[in-house]
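Just dropping this structure here.
Labels run A, B, C and D following the written order; every chain starts at residue 1.
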Amino acid sequence: MLMIAVKAFLILLYATFMGFMFMGIIRIVTARIHRRVGPPIYQPILDTIKLLSKKSNITHGLIYDFGVIYALGATILALMFIPLGGVSILRAYGDLILITFLLEIPMLGIMFAAMSSGNPWAGLGAQRALLTLLAIQVPLGFAIVALAEFYGTFSTYEIVMAQQTVGWSITHLPLLLAAIAYDIVLQAMFGKEPFDIMIAPGEISLGPMVEFGGKHMGILQIQHAIALFAETLFFSNIFLGGAVVTAFASPILNTIASLAVLLIKQLAVLMIAIFIGVIFPRFTIDQAARFYWKWPTIIAAAGAILAAL
Amino acid sequence: MANGQEEKGEVKEMTGAKWEREQALVQKILEKAPYAEGRVRRERRIEFKVPADRIRDFLMTLKENNFELMLQITVVDWLKEGEYELVYQMWSITHRTHAMVKTRIPRELDKARMPTVKDIYPVAETYERDAHDFYGVYFEGNEKMEMPWILDDAEQGLFPHRKDFDMLAYVKKKYKILDRFDENKDNYVI
Amino acid sequence: MINELMIIIFAPLLAGVLAWLLDIKGIREAIGVIGAAIPLAYLIQAYQTLSTQPSIQYSIALAGFKFEFLLYQINWIFAMIAGVVGFAAVLGMVSTAKDSYEWLFALISLTGVLGVFLADDLAGFFIFWEVMTFASFMMVLKYNRKASLKYFLLSVFGAYAMLIAIGIIYAKVGALDFATIQQVLYQDAMRGAFGTDTLFSRNEMILVFGLFLIAFGVKAGMFPLHVWAPDAYSETNQSYTAMFSGVLSKAGVYGMLVIYILLGTRLMYEFGKFGAAPKFGYIIALLGGLTIIVGGLLAALQEDIRKLFAYSSISQIGYILVGIGVGTALSIEAAIYHAVSHALFKGLFFLIVATIIYRTGKTEFKDMGGLAEKMPITFAMAFVAILSLAGIPPLVGFASKWLLFEAVIHENMPILGGMIFFGSAIGFVYLIRFTYAVWFGQRPTDLDDTKDAPLPLAIAMGILALLNVVFGIAPGLVAKELNKIFGKEVIGGTIYELNLGFGRYNGLLITIWLVVGLVIAAIIYFLGAKVRKVPVTDTYQAGNPVTMEYNLTIRRNFFLPLKETLAFWLRISFDRLYQDIGKWIEDLAETMRHYIYNGSVQAYAWYLAIVLLILALWGV
Amino acid sequence: MVDWRLFEPLFEFARKRSLWIVAFCTGCGGIEMPPLMTSRYDLERFGMMPNPAPRMADLFLITGYVTPKTLKRIIITYEMQPDPKYVLAHGSCPLNGGIYWDAYNAIKHLDRYIPVDVVIAGCMPRPEAVMDGIKKLMEMIENGTADGWKRYRENYEWYKKNQDELFGEGWREREARRWIPWLMDKKKKEK
């Protein structure tokens, strides 16, 4: 029991820290592509400390507080189910469908909180976010179906273990197609361009986020960091082979090595998202929906059908 | 590219011929509206002087002659002459020509009334409200005349862009900074 | 003579008639509630009996017919759905029913649906089916004539289809009770397998299957026969709709299961398999998948709170049909599980809608808003229902959906998998629209003195909400009962855990870790500075001050971009198609009346002569 | 609950290095923001970020002249920001009216209506000058003299008196309802 608590705490700490580093990396890389210097890598941590240390906060009612707390809680829950090298605690229950749902529900919490503020921009942002969710769901569904059908199991951990013997998922054609579709979906999950219409800063003042300030926003920053970590981790696990290192005699060394391997894969996923995001303008919501229902869906469905044969 | 060069050539030709195209356009419009005076100011700029009561007829004529857009309604306050000059700025996409339609009305507030042209050019609604806000010209038939526009409640009905509006006195009163201005403007302290 | 099955079936009917005859306010409500509580009590008692013996049987001879009733595991589950949701709906009706007319027909329809679930022969099945249809038709008729006629026409169409199918079966088999039919058809399939002549030809089998599909599809609201549902569900007492959508539509689902039970082997032999699913089942599943998408997308575009949930009901029934269609033991269990959870959360939703309409008197989104402050209990219930329908893990909606996903995807059915994934997202979409427009934002000034739910409705909602949570945290409770249907452990695991071998879900574990996550988040939250409550008008509008008098919340056309994206598809409407067909038939009848039934005696004499001539030529 | 004074230096450092600007470009100074934010001067080096929503912003940049109409919005937006919050007035117009010293519709002294922490003179100040001002503000945050938000709280009556003198009592309500008769009429007509 104590062991599990300690492990969970360490995982949480590592994920939060790395998530913040990822956010910093996003800002630095974006700045470098703009030919700017960019902020220090620890900037998101400073932002979060600042937000949490605000001396006055507002609330629009119980749901406004609860939605934010729920978002972070659900993200932590999702993180615990994803295998993290050799240290994950709930990986036996890390079901593909479950994790896919768990990665979506923090958004529901944020939407609840945002809408309870009564701000029309928040409503508009929620509408756009939901339609984006609807748009990505089709290719995402097909990608997950392809994975489950190819490996014949829904357990993420078993998929990771299977990849150790048959090679990474993306080396198989059906799953390569699924991975391409999932990567396009990931772009919208991160909220990066060209699918960031839901937060459109210039037009609807950050959409759902417009009313959050102080500690609410601080909690959402932490949530964003963990979600970033969890999403990249999930992708690296199911498509990029995860990490199972048994080269060393010491289990601690093995764990560190597998974390390092995972980190490299996660960074690769992140970099692709940044590179695509920085050079694209944004789609309107119906364009995004039409796009997702066309190419990624066709690719992912082809993958799923190939995997089923 | 070829199109652009052609256009340039055309322009040169026109300047050479003392704005023949514009002349023809003015002639054509004046034939239909004999009550107006018109002249060519320069290349692609023509202007008309119209009596205030015929402005609607004239703008209809312009619209029939492919002046699709109304760009602005400006008001010039001729204090000494006791008149407002209203300038309706029109733009024709077909002729690529800018037409200023000028008309004069008395500047006394109760007499400064014009018929609206909102039904001819819907965009005029906005410009008419603008002219009303700052100069007090009342456009009859525009039902949004009383609707608040740019000015705040405090300035409503003062028509601050009229030349006889005492700006300095108003500013002193409004911002309560009496001792910092000299009336003659030559010795003020900020 | 008095058997418990008879009590279960006829207690609501008796209570309804009594309530109608007495018609004293206060007493009729009490009788109605008791009438709905008795079947529930007996069903719970029957659980004890069923654990010792496989089934409870009863038969009654009436007017030359022998009606068989049988209670066993599979229809015990369905009857329990009817019992629980029917009881909750009747409790809700204590507040919302206006007169004894509603009590009579609501309780009769409960009798009808219980009879359908418990009947063990096709005659009884059909009669109770008609009782149920008639009673629900009368409930709709009182509120809206047009909607009720649409419902009636399609139901009659379905009923005729069923009658013809039953007739064909009776003509061939010579019996109406399920056991005989099942046996005969099974033997027929065996005979076919050995190459000898079969009792039913291939075309007859297609015909029977098609007719049953239409009959049950109409009741379940299957695409493209769903057009009656949005109008009928919305144009009646909303407490009753909890039963209408939660239970009566399950009769259609149960009918699909009856197809499996009676004709399954024979159809499987005739048409073969598609992957792991029987081909005839795959048709059901595909139609179910289309139902999910069509129902869901239309739900998102509705402007009326009742219509939204009516379409959402259609969409959720689609899931159940997908599960039944795939036809493996696991997927059928998943489908029944989803039927249970759908009855629970959709019953809850319609009771919430009933409360809202009862308290505000308004049904359209544009007139609502900001009710969360005024109706906290109802909102808490709505919160549970929303999380359950959207499939948020520690609630029953997720457990059943998860089972369905695993069951379908595991059988290598990518297209169906994609459809149900899409369905879960569209669930989010229309629920958020409901949440935003009704509970949040600025409140119209005429809703300022809205009160919270009346006690009977609150109790009814409380029962359903509690079951939503309990069955979510302990999904094994339902799975254990479902396993008894097949007599083996299809869904493994303990009371808190579902273990399929290729996937695991533990409701308790998720609850615990969610609580841990919430506690961590709450600690961070409470470490921050104190919060100050601000009114809803204190929102950022580019610095503009906001007033309550002008409502800025988006209430109409919330999902306009979706509408634009789907513009092409929205032009296709089956409702209009049916109306056109109806008009066309009317025209045809008019023409016929004009030329043939022209009222001239001479003409009729000619017809007679021609008919006689034809008969003579035939050699009669 | 917990004594946070120990961590106050950390918080001050975070506040100093993470100033989120509310993007409310009131006047001509708004055009100086793009060079500040983009690759030439790159304010993101100091953790500054333009931010469209005031609820999560710290720094309010008043970029240029302020009319009474804008001032109403500025006050509302300023009051929405959570404490601690800072105001940086930009150019001579908010300072003393600038070239609009005798204009009927530009306010002359911004600090009569909301507290201003740092004022940058110039018409317009160059981006370098703005950066200097921001650096000054950071120093002030560090040594605790950027206390405009405290002053606003303590002297709220005085600020409110000035605001009410300019706009008249109850201006928020009046402003919010200003267009309602017209909007409601239009709605009725549509029906």
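The definition used in the following text is that a residue touches a chain if its C-beta (ideal position, glycine included) is under 8 Å from a C-beta of that chain, and two chains touch if they have at least 3 such contacts.
The structure presented is a predicted model; accordingly, all values stated were derived computationally and were not measured.
Visitor: Once you count every C-beta pair in contact for both, which comes out on top, A-D or B-D?
Guide: A-D
Visitor: Taking each chain's centre as the mean of its CA atoms, how far is chain B from chain D in angstrom?
Guide: From the centre of chain B to the centre of chain D is 37 Å.
Visitor: Would you kindly tell me how far, in whole Å, the mean C-alpha position of chain B lies from that of chain A?
Guide: Spacing between the chain centres: roughly 57 Å.
Visitor: I'd like the Å distance between the centres of chain B and chain C, where a centre is the mean of that chain's Cα atoms.
Guide: Those two chain centres are 67 Å apart.
Visitor: So which bits of chain C are touching at least two other chains?
Guide: Where chain C meets two or more other chains at a single residue, that happens at 527, 537-538, 540, 542.
Visitor: Would you please write down the residue numbers of chain A that are in contact with two or more other chains?
Guide: 53-58, 205, 210-211, 214
Visitor: Please output the residue numbers of chain D that touch at least 2 other chains, ranges allowed.
Guide: Residue numbers touching two or more other chains: 53-55.
Visitor: Which chains touch which?
Guide: Applying the touch rule to all chain pairs gives A-C, A-D, B-D, C-D.
Visitor: Under the touch definition given earlier, write down the residues of chain D that touch chain A in their complex.
Guide: My answer: residues 4, 7, 10-11, 13-15, 17-18, 20, 38-39, 42, 44-47, 51-58, 81-84.
Visitor: Considering only the defined contacts, which chain D positions touch chain B in the complex?
Guide: Answer in residue numbers: 68-69, 96-97, 101-105, 107-109, 165-168, 174, 178-179, 182.
Visitor: Spell out the residues on chain C that touch chain A in their complex, using ranges where they run on.
Guide: The contact residues of chain C facing chain A are 275, 370, 372-373, 390-393, 398, 402, 405-406, 409-410, 412-415, 417-418, 420-422, 424-426, 428-429, 432, 435-436, 439-442, 500, 502-506, 509-510, 513-522, 524-525, 527-534, 536-542, 552-554, 558-559, 561-562, 564-565.
Visitor: Going by the contact rule at the top, pick out the chain A residues touching chain D in the complex.
Guide: Against chain D, chain A makes touches at 27, 31, 34-40, 43, 46-47, 49-51, 53-58, 201-202, 205-206, 209-214, 217.
Visitor: In the complex, go through chain D and note every residue touching chain C.
Guide: Interface residues on chain D, with respect to chain C: 1-2, 24, 53-55, 72-74, 76-77, 80, 172-173, 175-177, 180, 183-184.
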